[in-house]
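Once you scroll down, you'll see the structures, which are given as structure tokens.
You will see chain A twice below: alongside chain B first, and alongside chain C after that.
Then we have the complex of A and B:
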């Protein structure tokens, strides 16, 4: 399952970036962006259902494996078409392509287990549960939701 | 020896990446990408197999044929102006993706925007949504 972001929780510490680099031999797939002074947000692969990168890839190196957009390094020729086909700019090429693999082989993605603010999770329901509880608090006490 | 159909070549560097004997060389300056195929005697066809455009074929060795060269002017990003791809590569993406995928919700033709600017746009959009949600007062 993909990693979901609750950006209202992101504190911009870039721990996810470092964690990603740590488990991927120095080349990470997350970029934390700072938008003015109002927010920080990690940008990484959404594992799109209909993924443009898999359409552009002519060798089948990028392909869907269930919900995951998987990458077979042995098939990559480094043509860079995937990088150009990704609307979010989250496939990189450095001779060969690299992108988020959801930390295949680990119990949970390193960015999720590392994030000290609990902004990242693999649970789609979590973000909507939080939004509902914020709305409920606002209805009970007034103010923000 | 490799024969190149210059009209088909995308300038993607696949061939140069897979060549085991460094017979396909690349030079990239700020604005141009050039690829040069040396006359090779190998009986290997990795470059032919891994060309996304099927632009390469193997032909018998011939010393009199000049070594092929292709140059591409790199396309500048619509937003930041940095050079990020060759025109045939972008054209290939445009022909591979359905038309409704090629503009985002705000009508931006994102294929003509470099990956770094695409990430910035995504960050700005998500922030706008978050700030909107936070500032919305309860009824």
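Then we have the complex of A and C:
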């Protein structure tokens, strides 16, 4: 299950970055970007349905496994085409390709559990459910009091 | 290979998040989250995630050290303890017990703070304090006066029940990140969030109403809100009549603070002041969260009282979702205060100047006499060291040479001491000045109880052995106590906690056996008491059970801009660093994110100063000068600049002016000038 972001909740604390780095032996796959003084957004692998990186990868090291964009380290040649192909800049190469593996083997990705503001989740619908709930309350109460 | 998960409490801020330390072959190999923790629910901020990095840092102190010329040489524990005991014994004999001072640590456990407090008092010295003096001393003074208790009134998860959250002078999104999950939960349930801060911080991103006030004008803003609330009849008349005293005087005094006038003082538009006041007053349950932005002022106590006035006139206390919440900055700053490591208190906030207190503790500790307080506060100790009034000092886990204002004066004051012993995990700037340095254990290498900002007492287990010859603070204090001829025979922390249960009424029922997963929230007077998450639900522990409403006139900050110093410098924290930085600046994954000291300057000011983003600049105040990188931003207003205080340079600049009652320095307002270095 990929990770989704509720942008209105990100507080720019960079916990996800440090957590990802921690569980991946020092090299993380998530980056918090600050947009001026008014917002921060973590950027990470979307596990795209039609993933450009898997198309570019001629050895099949990057491939789809259900919803996940999986990575087979044995097949990686380190050519870097995946890095060029990714439109979000979240696949990078250092001898071999590196990208989000959704913390295989853990109950949930580290970034999701560690996020102090509950901005990250594996529930695609969560952000819109929260927004609908806020809208419903606003309608019932006649706007913000 | 067996992996053991040891439950632990995060050593950084006061939120008290829990996590497990994974231990394999007596080595900490990782962190596992704790999803059923009542405050953090498994979450950890960047500092928490990096907590293990300091344990195996190569600069850890592993042996007692003695000054030898400019450097240090390793010595044995016997020699070190003998040196310390002899120096303190001599100082007491020659100059009287008032010539020694102890600085306890809000990073140490309750048990350790209790013993350091006891050590000072049994040696006859009233001079014991901790760095709460630099963060929430005004809360202790102000809230004890108005509400009769100084802690957070409601627990952190209760913030989710609030319908209006007023955050003033706190950048909790960066400094207590897990609180934001509870604020967002309240927002999803329809709560309004008001943030008042001189900077547009990450916390302000959560705000529905953002009040960007001029540093040091908090009392004016709060009085202005009280003015609107009283004028529009939004007060809780029943609550005021039944639970408080002093409302009439407040109503009279805030007449002078109409929104238009307050707008002129604070720089906040009058309309926003009215909106914020209405939102706070009419919501069924409103809470106020505040931190250093309220306390670190020469008007700190006034600010705190103005905050509590607002809660009292609206009756927003004693119920779920309400409250006055001072957010504490260190993992055990609440506990250090509870244990009496404060100049004016004995354990359990028993007043040090009250003969009853002396009688109580003399019999509890089985001694004939104890010193009557109040003693010298942390800042006064440094002044007294400079004048020679204090001859010997014992500093545990604190770094005043970095964290006190006007830090170059601290250096010379500490050098003036006959004897300085510093007990820490790293060679801090303060330890560099010591005669003897004692190597201590970090939180994971010892056990003990820690009290977080919501008064929740939690037990943190020992996961590892300390490196080299390092010992836990508890063991070291006991060694020193014993060699000074005191009865300090405590085999472990649980034994000390048992004594705390007997002597500190609030902790009466907080026994080691009962500190399970979720801990207990004090006051918990007896073994069958469930703890008290919400304070003041049935009146106040003051005369007639009534809270005091204390009118506070607005006084400007001690320093204002002048021709020579045209900018206001305010200080604060960033997400990836903690306090004086002796831990986080040694944490590689945090340092790579915020490696240098910087100064935030408004873009328009920068144009006038001919400073571009990233330029090296010199910041000068009457105290001294510091270099930093310029960061251009619109998050501070024109005329205001901001610097984080995690790096040694910042407190060279800050003013030594203190609050007259709480003696907290005014870290938040200093006049400065900036020039580009070419």
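Quick notes
As a convention for this text, the second predicted complex is superposed on the first by the 141 of 145 C-alpha atoms of A that agree within 3 Å, B and C clash if a C-alpha of one lies under 4 Å from a C-alpha of the other, contacts with A are read in each partner's own complex, and residues count from 1 in each chain.
Keep this in mind: a residue touches a chain if its C-beta (ideal position, glycine included) is under 8 Å from a C-beta of that chain, and two chains touch if they have at least 3 such contacts.
Every value quoted in this text rests on a predicted model; they were computed, and no experiment measured them.
When the two complexes are overlaid on chain A, chain B and chain C sit side by side with no clash. Once chain A of one complex is fitted onto chain A of the other, the partner contacts of A:37 are limited to chain C, with no touch recorded for chain B.
By the document's definition of touching, of the two partners only chain B reaches A:88; chain C does not. Contacts of A:126 after superposition: neither chain B nor chain C is touched. In the superposition on chain A, contact is made by A:21 with chain C only, not with chain B. Figure note: vertex chain A, arms to chain B and chain C, all at CA centres after fitting on chain A; angle 120 degrees, rounded to a multiple of 10. Of the two partner chains placed around the shared chain by superposition, chain C is the only one that A:118 touches, whereas chain B remains out of contact. Using the contact criterion defined above for the overlaid structures, shared-chain residue A:77 touches chain B, although it does not reach chain C. Residue contacts after overlaying the shared chain place A:56 against chain B, while chain C stays out of touching range. Remark: least CA distance from chain B to chain C after fitting both complexes onto chain A is 10 Å. Common to the chain B and chain C interfaces on chain A are residues 36, 38-39, 138, 144-145.
Residue ranges of chain C in contact with chain A, taken from their complex: 30-31, 33, 35, 40, 42-46, 48-50, 173-174, 177-181, 184-185, 187-190, 192, 200, 202-203, 205-206, 208, 279, 282-283, 575-576, 589-590, 593, 633-635. Interface of chain A with chain B (complex): residues 5, 7-8, 31, 33, 35-36, 38-39, 41, 43, 52, 55-56, 58-59, 77-81, 83-92, 95-96, 138-139, 142-145.
Within the complex, the chain B residues that touch chain A are 10, 12-14, 17-18, 50, 52, 84-85, 89-90, 92-93, 96-97, 101, 104, 110-111, 114-120, 122-124, 126-127, 130-131, 133-138.
If you check the complex, the residues on chain A that touch chain C are 9, 11-15, 17-19, 21-23, 26, 36-40, 110, 113-118, 130, 133-134, 137-138, 141, 144-145.
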